[in-house]
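First chain written, first letter: the chains are A, B, C and D, and each begins at residue 1.
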Amino acid sequence: MNMSVTLPSGLLKIWEQVRSALDVVRPETSAAARLPAPVAKKPDVDLVALCETLLARKEENAGIKLVGQILDTYQSFSEDDRCRFLNALAERFGPDPARLDRAILAYQASPDDLAFRELQAAVEPRRQRLIRLLNFVPNGTFKIVQMRADAIRLKSKLPKFSQLDSDFAHIFRSWFNRGFLVLKQVDWSSPAQVLAKIIQYEAVHDIKDWSDLQSRIDPEDRRCFAFFHPQMPEEPLIFIEVALTLEIPATIESVLTGKSQVIRANEARTAVFYSISNCNIGLRGIPFGNFLIKQVVEVLRRELPNLDTFVTLSPLPGFAGWLARERKASAEGIISPEEARSLQTLDFEGWSKTPETSEAVRPLLVSAAARFLLQAKDENGLPADPVQRFHMSNGARLNRINWLGDVSGRGLKQAHGFMVNYLYDLKAIEANQEAIAVNGTIDVNPAVRDQLKVAKPPRVKAS
Amino acid sequence: MNMSVTLPSGLLKIWEQVRSALDVVRPETSAAARLPAPVAKKPDVDLVALCETLLARKEENAGIKLVGQILDTYQSFSEDDRCRFLNALAERFGPDPARLDRAILAYQASPDDLAFRELQAAVEPRRQRLIRLLNFVPNGTFKIVQMRADAIRLKSKLPKFSQLDSDFAHIFRSWFNRGFLVLKQVDWSSPAQVLAKIIQYEAVHDIKDWSDLQSRIDPEDRRCFAFFHPQMPEEPLIFIEVALTLEIPATIESVLTGKSQVIRANEARTAVFYSISNCNIGLRGIPFGNFLIKQVVEVLRRELPNLDTFVTLSPLPGFAGWLARERKASAEGIISPEEARSLQTLDFEGWSKTPETSEAVRPLLVSAAARFLLQAKDENGLPADPVQRFHMSNGARLNRINWLGDVSGRGLKQAHGFMVNYLYDLKAIEANQEAIAVNGTIDVNPAVRDQLKVAKPPRVKAS
Amino acid sequence: MNMSVTLPSGLLKIWEQVRSALDVVRPETSAAARLPAPVAKKPDVDLVALCETLLARKEENAGIKLVGQILDTYQSFSEDDRCRFLNALAERFGPDPARLDRAILAYQASPDDLAFRELQAAVEPRRQRLIRLLNFVPNGTFKIVQMRADAIRLKSKLPKFSQLDSDFAHIFRSWFNRGFLVLKQVDWSSPAQVLAKIIQYEAVHDIKDWSDLQSRIDPEDRRCFAFFHPQMPEEPLIFIEVALTLEIPATIESVLTGKSQVIRANEARTAVFYSISNCNIGLRGIPFGNFLIKQVVEVLRRELPNLDTFVTLSPLPGFAGWLARERKASAEGIISPEEARSLQTLDFEGWSKTPETSEAVRPLLVSAAARFLLQAKDENGLPADPVQRFHMSNGARLNRINWLGDVSGRGLKQAHGFMVNYLYDLKAIEANQEAIAVNGTIDVNPAVRDQLKVAKPPRVKAS
Amino acid sequence: MNMSVTLPSGLLKIWEQVRSALDVVRPETSAAARLPAPVAKKPDVDLVALCETLLARKEENAGIKLVGQILDTYQSFSEDDRCRFLNALAERFGPDPARLDRAILAYQASPDDLAFRELQAAVEPRRQRLIRLLNFVPNGTFKIVQMRADAIRLKSKLPKFSQLDSDFAHIFRSWFNRGFLVLKQVDWSSPAQVLAKIIQYEAVHDIKDWSDLQSRIDPEDRRCFAFFHPQMPEEPLIFIEVALTLEIPATIESVLTGKSQVIRANEARTAVFYSISNCNIGLRGIPFGNFLIKQVVEVLRRELPNLDTFVTLSPLPGFAGWLARERKASAEGIISPEEARSLQTLDFEGWSKTPETSEAVRPLLVSAAARFLLQAKDENGLPADPVQRFHMSNGARLNRINWLGDVSGRGLKQAHGFMVNYLYDLKAIEANQEAIAVNGTIDVNPAVRDQLKVAKPPRVKAS
């Protein structure tokens, strides 16, 4: 990950992994598609030359027209033209090597303040100033974010992608600093264009249509919150969906479809975070998610003092893959050869649909899930599952494993149907964050630990 | 100027000079004074240690409480404590020299992408990340700006001020990027707290009280515009006052007090920019002014299509000082010894109040003003007067010299009463900016050139 | 019409007729359906008694709780209970007959100011004060409007409906006075709940789904405007859909589906009002439509100075019915027996689909449409077609008859496919209004008059 | 009182009396004074004729231009012209007597629905429809309110004032129905034009200037709330000032000036309503005040759950006058002749300033105040003091008499320095309202009853 050099941030990496584990990335609506009238093509404009001219201007306000021209031209470009320009941006707008060499020598000769500042200036790629200048026009921010989205999409065709991307990310971290983000509730009175993006960007549990959307944000016992940037008020950056319930739910179905019984918001005891989705890929790697959950907890507590439990209902996307590998692994693994054999049931499609097969495999499978959650680690000693890693690093407690919590195709394929509740206990969050950061220990509900051992299977009566 | 290393920007420097020439700096309202309840003193907190702890946290969201604590503690500090902390910030939160040396050596050994990125990271002072982290809480931005304002005020007690200030400025340039600023009209329906700041910050022609303020923003033929940052909606960053008139005014008195005849806005032909003031000294050096004028011209043109003249009524703060030096200078100067003698009239207080003395000196003094405006240059070959330099670099035309345009104490003392109209002709601005930037030539109304020669004095009848 | 006694308003009546001609009325979403949690049933509350208690309270603020109780109870009522209550409202909350008789006698004895005021007071039905009191709680206005909507729906079961309705209407005319309505543009950034109502209430050309809606309000060359009341910000009262085009369109198909070629708004010359729909039936008879068109014309002119033509594309809902009657009528009618025979073509379904049949009947049918528009009158001497009557009374000009302008099932059935353009010429509107009001004359494009005569049929080649 | 016929409302009358007792009425800022450019005089326009033309128009939207003309002309009128027009309005725009007579006869002949509705229509003065039509233009509402303000001011020159005023009031009651009013907090971020009106309209304790205003609305322990109408967002209708304190304050001085010790809002236990002022005299008699207090209590409770006491600090404006009359009255009065003699102290100016005189008279004076509050009644058996009457009828409890609570000139003159705390106990309000409405009994703190008896004077040591 490119940002890790200057801004070490474990969560960031984790979040990235969550995204790819959940298969989040979707085709962006190209900005052009939203525009009512097509931008005339400007294929013959030498965009690189325009950028050089802009950088040459000493008076910053002298370039506003130029900036508009540059952004319009880029937007009128075909995919190929964009790729060519992004390559030029990556290769020709870095730092000036000669100036940098001189600055290094001068600093080595005399490491004083002046030499240090020149070194600082010389090391900054020219494209950073260029990007800042491109932001001088209305809507510039969004267009620059889309430029990075293009770069990420065209990554394989951009040999120097990582340099380029690192500069975008460096600037976006400053522009999208937590202090500038605005938390807004998204509900049925929100602008349609924002809601259309919620439908588009939902990454965990698909929203089928507007009526499905309404059922998630309009009832009294549903909430949705998103971060926005003041310059991009129509563009949610990240959003979270919340169900207000009496008890901690064990299945996603009960959250998404059990809507016959809407409850009064002020009677709810539990807030369930059942979906969190990043939006624009142009902002990939800029960390919003960890702030979002805590702030939403604060907002809900103030509005609904009766809430005393804040919990997720989360997928376990790494489990099935891990288990498959374990079953093939040698005798020394977490899963014994004997257990591996018992788990062959899983290879029969439909095992989850009849009580005979599912209840038979249940004790062992629950134990396997518990072992995965408690014992499977990544290279840094953190939980192997990306969603778990995200919530644990964020200070949550591993609270409950839910058998057949998600029996959708994806749920069965990725996690043999398991879902997990991670609990956000405000009093414990800080300590939990500290503990996992310092020595990798996680906060676990004892009941989950008990599940490590294979329980005796219940007797299933023949029907 | 500290910013000039990384972001060459002539206007910036000029604007700074305008500020000091106009004696703009005023005591900030300390944020504490506005707070309703006093913050409890926290003198024993080791703020430096808290900052180190914050920087040590890997998870950015883990530090929000800490950030609040740091900012509150700083705000509860006495002047001395603040000074001590700012010195620590300047001295102990720079880059890590050992890491930087290693990074330099690695880069010299193999200047590849990885080495470069490590060099980039190593050269960034640790306080930059610290400042960005401090922005994670509500109101953080304003508090950080105030921290820089403190540093500027305490400059003389901060040996390493320039390093510190350069980092603040670097970050503020990104945060207060033109694309994030919002232009708003300020009028009698604006929030009182914003208006209170207009009164406080007005730097060119004092606003005496609320009724004086109302006379400047409420009548149909008056306008005021300001830039705001979304995170600091109560805090104008820079503002400009406009009078809508039939003709180009020659005296500030006619603008400020000739209010018996309010005219209909849509009958006005001329928009007069008669006052432009920067606000928070914590944002010194961040360029807003040049953008402001052009955007206000756009806004006014759209609202009032009958406007065809956009012009300033500006002070000439450098004139009297320059003339005094010229009068003492050798024979080779712009003012001849003979002329210098004739100008002794100026040494008698009250020369401007009787026609006999004033009309006698008028032809020579007008010529001297024309020479000052056309011939006096600074070390860069730009106009010597800072206000003139600002508007010329901004693309305006030197349009008219106004005799006894400002007979207030300050007007007479700084400029022997002269005021100047600089004309913003939208069709000429870009070319003018280019011309002054490339070869230092300025756009001058021929009538002003004609004034270089001393006109024959009119005969003044004895009364 | 019940309102005509106190507030004579021809347009009102006309608009009512437009509504029924267009078959506008749709099932209201009952407010209950939108509420997330069901209101507990309160079947045993004696609502009439509660209302009497409320009216007995002298201090108006003493009744706020009571008001809430009354409105909640009503809302929890079944259809039958509501009907029973509305009947009581109509029968038991009129004026006090004894008091009225006394007041009349006193006034006849001595028609002084005091007697007159008592007469005024005595003639006011008690339910008027009741309705005003019910408005004291948040959301009261909407609930009262829904109460009237119930009454209109249950009309046939309410023997004294007209008394009741007249009081609702009297109060709503005051509450929804033109001066309190707010015109807002409805676009893709409007709240979803408002847009959902646009879909629901569209009465002229159905909106199929959200994507169809977006195509009507989001493109640069489409506009939608609605009136709102400040107390019911989610509830459009009436709305109009506008297409910006180069030429006056002749078919609705070109407006609704010819979207491949979106044009730039500032290149449009023509604004086409192609759909206008009233919303809540509880506000039936309160006139908004006539104000709406003129205000939208003003707004569009200011935004897009290039627009020079404001025109409708309207249905002709009365034509087919009128023609059927004429064809059966005696020789003295507008349609001659011979012509009637020629028009038998219309009795064959599908006549419009083959050029042979349609072109053969075209000259006569166009002439018949012209005669309908110019010669068919209602009992007041006004145009017989309700939509025509609305626009003519509103000051428009009958501009063009469009052959096969609407070939949808409804278009063919109601108007044999004709659509009409009525032109709003700002310079002519007032005079036109005066002319039709005073002597019933209408403003007609001469080209339409020319169509009164049957043109020679063009020769249609056999294919 | 003109409204009492149709809408019996005791509080209304009481509030009127409060206003005059407190000497509330101030010169309105005439709307003209606020306008930037003078309206050209239109003295020759026959406004009455214009109004007749408007009423003659059948199509309501045909008159919009006319409405603008009528309101502009009126506004350009001199005082005399206005007076003439208002007289015409009062005399010539009543009901049509002939029509009314016919309607009465028809109704007497056959009191059916049709006859009743015609009677209803005939009894409505024509000026009611006129006033409703005048509201069709932007800003119409405010201009009509100002028209009534003129009428009230010119009352003595309008022989038929009461007829005219009753129609204005009838319509305003509908337009300014509680359900349409919006409660807003007024603070230092409110628009300056709203704050300027707070300064202007404050009727109880003068606001000296903007800095005095800031001290009342900006500190954390101060609040101000006002009702607004959506059509007049710059115009507060009524406002209330609140101090958040630890204890119930006994003197106004401690509220207005004891600002050295601002407390944290969430530490406050008591909300003190120390000033409530009606604003525009054009809205005289439209009841807002009683709703305001209760709604503010609700808002404060939700924001600050620690508040448990809601209390006023009120003047006692009727006391001094009553006492003066009592002292002159015969032996049978509430004050005995002997007591009257003892009270001669009050005739010496400055009695309150030395402990010797003030402490000597204190026991008797406190008793007199208690007797006034508990025994002095108006003609309806309600408390004689108008402020007391307002709060008692509004459901408050008479809680405490404060000796030398207001030692300002007005406080001493009107109330011999007494102030009173009325307590709003949410649990008791409804019952209290009922009790005073039904049998005139008021809710009194026993401690106040104890003060009816003259306490033994404390011994004051000679200094």
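Operating definition for what follows: a residue touches a chain if its C-beta (ideal position, glycine included) is under 8 Å from a C-beta of that chain, and two chains touch if they have at least 3 such contacts.
Note that the structure is a prediction, hence the values are computed from the model and not measured.
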| item | value |
| --- | --- |
| Minimum number of chain-to-chain contact steps, subunit A to subunit D | 2 |
| Chain of greatest Cα-centre distance to subunit B | C |
| Mean-CA-position distance for subunit C and subunit A (Å) | 50 |
| Distance between the centres, which are taken as Cα means, of subunit D and subunit C, whole angstrom | 42 |
| Where subunit C touches two or more other chains at once, by residue number | none |
| Complete list of chain pairs which touch one another | A-B, A-C, B-D, C-D |
| Touch list for subunit B against partner subunit A, complex | 2, 5-11, 57-62, 64-65, 95, 97, 104, 107-108, 111, 113, 116-121, 123-124, 129, 132, 135-138, 140-141, 160, 162-163, 166, 171, 173-175, 177-180, 230-231, 287, 290-291, 294, 393-395, 430, 433-434, 437 |
| For the subunit D and subunit B complex, residues of the former touching the latter | 36-38, 188-193, 195-196, 209-210, 214, 218-221, 234, 262-264 |
